[in-house]
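Look at the two complexes coming up: chain A is in both, with chain B in one and chain C in the other.
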Partner chain A sequence: MAPEQYDVSGVIIEKPSAASKVFNAKNLLKVISIVSLFVLWALLVRFNVYRFGLLPTPADVLTWGIEWVQGKLFWIDVAYTFARVWGGVLTACLIAIPMGLMIGWNKVFSDFTFPMVEILRPIPGIAYIPVAIMFLPWEEASTAFICFIGAFFPIIVNTITGVKTIDRSYFRAALCLGSNPRQIFWHIVVPGALPYISTGMALGMGIGWMASVAGEMISGKYGLGYRIWESYTLIRYPLIVVGMICIGFLGLASSAAIRYATKRVVPWRKAITESLDESITKR
Partner chain B sequence: MATNAQTMTDTSDTLVSQTAVWKPVVKRSSWEQLKRKIFALATVRRISSVLIFLALWTVVVRFIPNFHQIPPPEQVFLAIFKIKVSVFFFEIFRSLYRVLSGFFLGILIGFPIGVAIGYSRILNYLLFPAVEMVRPIPPIAWIPLSVLFFVNIESQIIFLTFYGAFFPTVYNTVGGISGVDIRLPRAGMSFGVSKAQLLFRIILPAASPQIFAGLKIAIGITWLMVVAAEMIASKGGLGYLIWYNHTVMNYPFVFVGMGTIGVIGALCSVGVDRVGKRFTKWLDIF
Partner chain C sequence: MKFKMVMISLLTVVFLFSSVPVFAQVISDEKAKIVWGYCPYGMLETGVMKGKQFWKPYLPNVDVEWFFGLYSPHLVNNWIAGKIELAYLGNMPSVMLRAQKPDAKWVGIAVYPHGDVGAIFVPKDSKIQSVKELNGKSVATGVGSSHHRILEEVMKQENIKFDIMNQAPEVAIGNLEAGKIDAFCYWPPYIEMAKYKNIGRILPPGNLKKYEPYVNAIWTIMVSENFAKKYPKILKGLIKADLDLHRFMKEKPDEAAQIVFKELEEKMPLQVLKASLASYDYADRFDQEHIDVMQRDIDFLYSKGFVKKEIKAAEWADTSYVKEILSEKKK
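Our next item is the complex of A and B:
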């Protein structure tokens, strides 16, 4: 198929054909990259470099994974972990977003609450595990609580930053046009902070998934984190890797879902959200 | 650059220096300044926020039945004086050693990889998809495999902290480099800089704010990792201190341990910030 040609100021540029868009050097290198990751893994295990012989091979992981996915237990685990993470993170959103909006907007409210947020923020969520076990009556809630704590601080900090970065002249314009505080809140503060809130939520979701694994490893009866730890104690090593891959995939999907949802809600600042995502969420 | 801006404003009246912000100078004695700061309404409110929190804590513990196991604030405060200082500092240094060695290992390996991915297109295609495949797996999920793989508990924990620091470093280095204003390297190239100069004098300094933002995230995650790893490995450190005191039902010490982790974690992130400020002094001019 002859490529279509078009002429720009005397220079003939070939329009890339559909086939060359897929099969080019760039994509070849990308495929090599991913394939070599697995080949390296398989070779390291096969030839028992250092202690790699103890780890499962990719083939093992695949066969165990296929078997496990067909069982009922897998879906129970997924459902449990999913419910805990989303429950914790969404509760964190419900509390952190209004609080962050108020802290960013209202100086007095900020003075009364923000110092305490700053004091509690450096304590990692995982350090709360003993506390969660202490006061929550059932184990489900304790993992969700860890996710809640983990997600709370990124969300609130991003919301505050979002409000603080709103152009001051919007407020002045609104005041000049005679709007009351409620209108300013709903028409300026909330929409203006939304891109940052979206970033904070995606970030919180990531940390929530991380925290859930730790919570489930230490306490719990179901869940992917628990299954990983149980597979370790029962010497079913391929399942550890299968569980890790599942957690990674689900975490990625959750963050992507949030980003997609907020992109639909904030179409007017899509470009800004994307550049923020580039700079902040990429961890 | 600062002197440049000044001479510019002197010579031409159309350019206005953005740096010069004049504040009226009122001389006050330092004691008066201090008094003003202390008795300002905002400061009073800020201090009262802590008091409100403590009051809430006490009320919750006293009156809600589920919370009765949580010690009230005064018990936690009194527990601070019962600490065996030598043991406590030993645990702190143990955790700090693990965090810092993981963190610096993460920089040592992650930073060059980030530079390679950001700077070279071919290496980007070769390395980035592989990095992208591994990244979504949360570092805590690696605990069982690292326990399996490493004989030595110390190296298990350091591997986990390293893993926590690695991805933020790589990602923010790549992001910082790809976010550099294309005009800067072009200007450099038209002045005829070499490849090494282009990287070390133009691209890396321009990318450094985001690189240091990444390092700040990295040190936060290493603290999280060290707590999780120590809780599970149970071989000393602050995370183990918390877990141990929880199992022997010595609850006030759990809170003391959490507070210590918070304080030291905050100090670490302030330290990274300070170092970052030193490297990005030019940001103040803009």
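Our next item is the complex of A and C:
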């Protein structure tokens, strides 16, 4: 189907068809990239390059993957991990975003809370496992807490950075126009920080998925991370790789969902990322 | 002067005669450095082997580099990665190793608990008073471990059903304390540790001997075919040393506990170690009885789909080393 053409003020704009949006050189390159990864993996295992011979082949992984996906257990695992990660990340958003806005905007609040954040930030999520077990009364909350910890710090740090990078002239202009602190907060601080908040949320989501494996060490029954640990103790390497791939794809989809949602909520972020994309393409 | 000469001669004769059995014990004077996998927390007696170096009289030139694993599956994974070829392992991890590496030989029995493999532990304020009351509750253990099989056996014999949670012992202790699970079932020293911390109590009848012979377990000595071919005499010496270790563990339990206490850098209370070691037992032979126990484990793992290959314990077990040592002893 030929692309539609519009004549707007003498400029011909071509609107690509749905098919050409999917089947284009850019996407083909992406597919080739993924296929190359699998081919490289198969070759490294086949010819036992370095210690790759110890890994399962893509064919083994595919066989185990098909078997697992066909069973009910896979979907239960996905549902559990999905709920834990999203639960943890959304809770992190609810706490980290307001806290980050306040730290970035209010000097006294910043002096009081930021040192605590900086002390807790380098501690890896896995170190919180004993605390999570003892502190939280429900099994699911303990697991989601590890994802929460993973997501919390990138979100709060990005939120703080978002507030700090707002052009100071906006604040001066608002003050000159007689805005009160509440108006400044809602009309300058929040929208000004949103592009960074959305980046922090996408990063936090990725780290939340990374933390799921550590968090589900304590779950004892279901979850993709749990299944990876179980497969390690039961020496089922293909299933470990299947679990890793699933986490990779679900993490990718979750981050993409956040990016998509924030594009809608923060249209001015789109302008920033598009200009970045352009500069990358030009280079 | 004459008296002095007589005394020196006498002392020399005494020294020579007393040394003869020591020299006669040497199985190989080959110089070698071997790597031996062990789990000193889960298999306490391996710490005694490390501390007392029982192999030295038989293999004076063999140095052992101990490869630490928190649990047997860590050692199995390292074995598959080619980092070790000799290890003390739990029975189920031994089967999993054999399923992955058909050249892994089962050459000895480290521990044979005769049903005294552990107990079911509940929180101290739990209303559960008997195994029957576990029906519908959650019980933590290591999935794929011998205790998993034992719990399934308990469910079968008691005609009950409970939810098995797969947790590491240290995680389960915390979860039991926090009231997130109803019970757990692990191997020593975790039951004794939980008792020591006073977080709960053992369900009657105390241990799981009631369900014997189905609850027996074996901890193995596993070696690769390659190692056995390369160092046949050294392997014999190591198995002989392990049999000496069994004798020592039975005869001097307090000294053994002290050695383990030091090996674990005093991180585990001495009384926990003493109580744990008291529940251990050892086999001074290697025969059909042990092979049958292992076959039950293999069948369980196969039925659960944890191993994909059917393994025959009789074909896997290599009893020749133990038998040779025992026949030499008789002579």
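Assume the second predicted complex is superposed on the first by the 218 of 283 C-alpha atoms of A that agree within 3 Å, B and C clash if a C-alpha of one lies under 4 Å from a C-alpha of the other, contacts with A are read in each partner's own complex, and residues count from 1 in each chain.
Everything below uses one rule, namely that a contact is a pair of C-beta atoms (placed from the backbone, for glycine too) under 8 Å apart; a residue touches a chain by one contact, two chains touch by 3 or more.
It should be emphasised that the depicted structure is a prediction, and the values quoted were computed from it without experimental measurement.
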item	value
First (chain B), second (chain C), both or neither touched by A:Ile119	first
Partner chain in contact with A:Pro98 - chain B first, chain C second, else both or neither	neither
Partner chain in contact with A:Glu139 - chain B first, chain C second, else both or neither	second
Partner chain(s) touched by A:Asp111 [first = chain B, second = chain C, both, neither]	first
Of chain C and chain B, partner touching more chain A residues	B
Contacts of A:Leu234 with chain B and chain C, given as first, second, both or neither	second
Contacts of A:Ala214 with chain B and chain C, given as first, second, both or neither	first
Partner chain in contact with A:Pro130 - chain B first, chain C second, else both or neither	both
A:Gly71 touches, of chain B and chain C: first, second, both or neither?	neither
Partner chain in contact with A:Gly243 - chain B first, chain C second, else both or neither	first
Where chain A meets both chain C and chain B, residue numbers	51, 54, 129-130, 133-134, 137, 217-218, 232
Complex interface listing, chain A residues touching chain B	26, 29-30, 32-34, 36-37, 51-52, 54-55, 107-108, 111-116, 119-131, 133-137, 206, 209-211, 213-214, 217-218, 225, 228-229, 231-232, 237, 240-241, 243-245, 247-249, 251-252, 278-279, 282-283
Parts of chain A lying in touch with chain C, wherever the complex brings them together	51, 54, 129-130, 133-134, 137-139, 142, 217-218, 220-221, 226, 230, 232-236
Chain A contact footprint on chain B (complex, rising order)	42, 45-50, 52-53, 66-67, 69-70, 122, 125-130, 133-145, 147-151, 167-168, 171-172, 174-175, 179, 210, 213-214, 217, 220-221, 223-224, 227-228, 231-232, 239, 242-243, 245-246, 251, 254-255, 257-259, 261-263, 265-266, 269
Contacting residues of chain C [partner chain A, same complex]	71, 73, 76-77, 80-82, 93, 96-97, 99-100, 140, 142-144, 163, 165-168, 171, 174-175, 177-181, 306
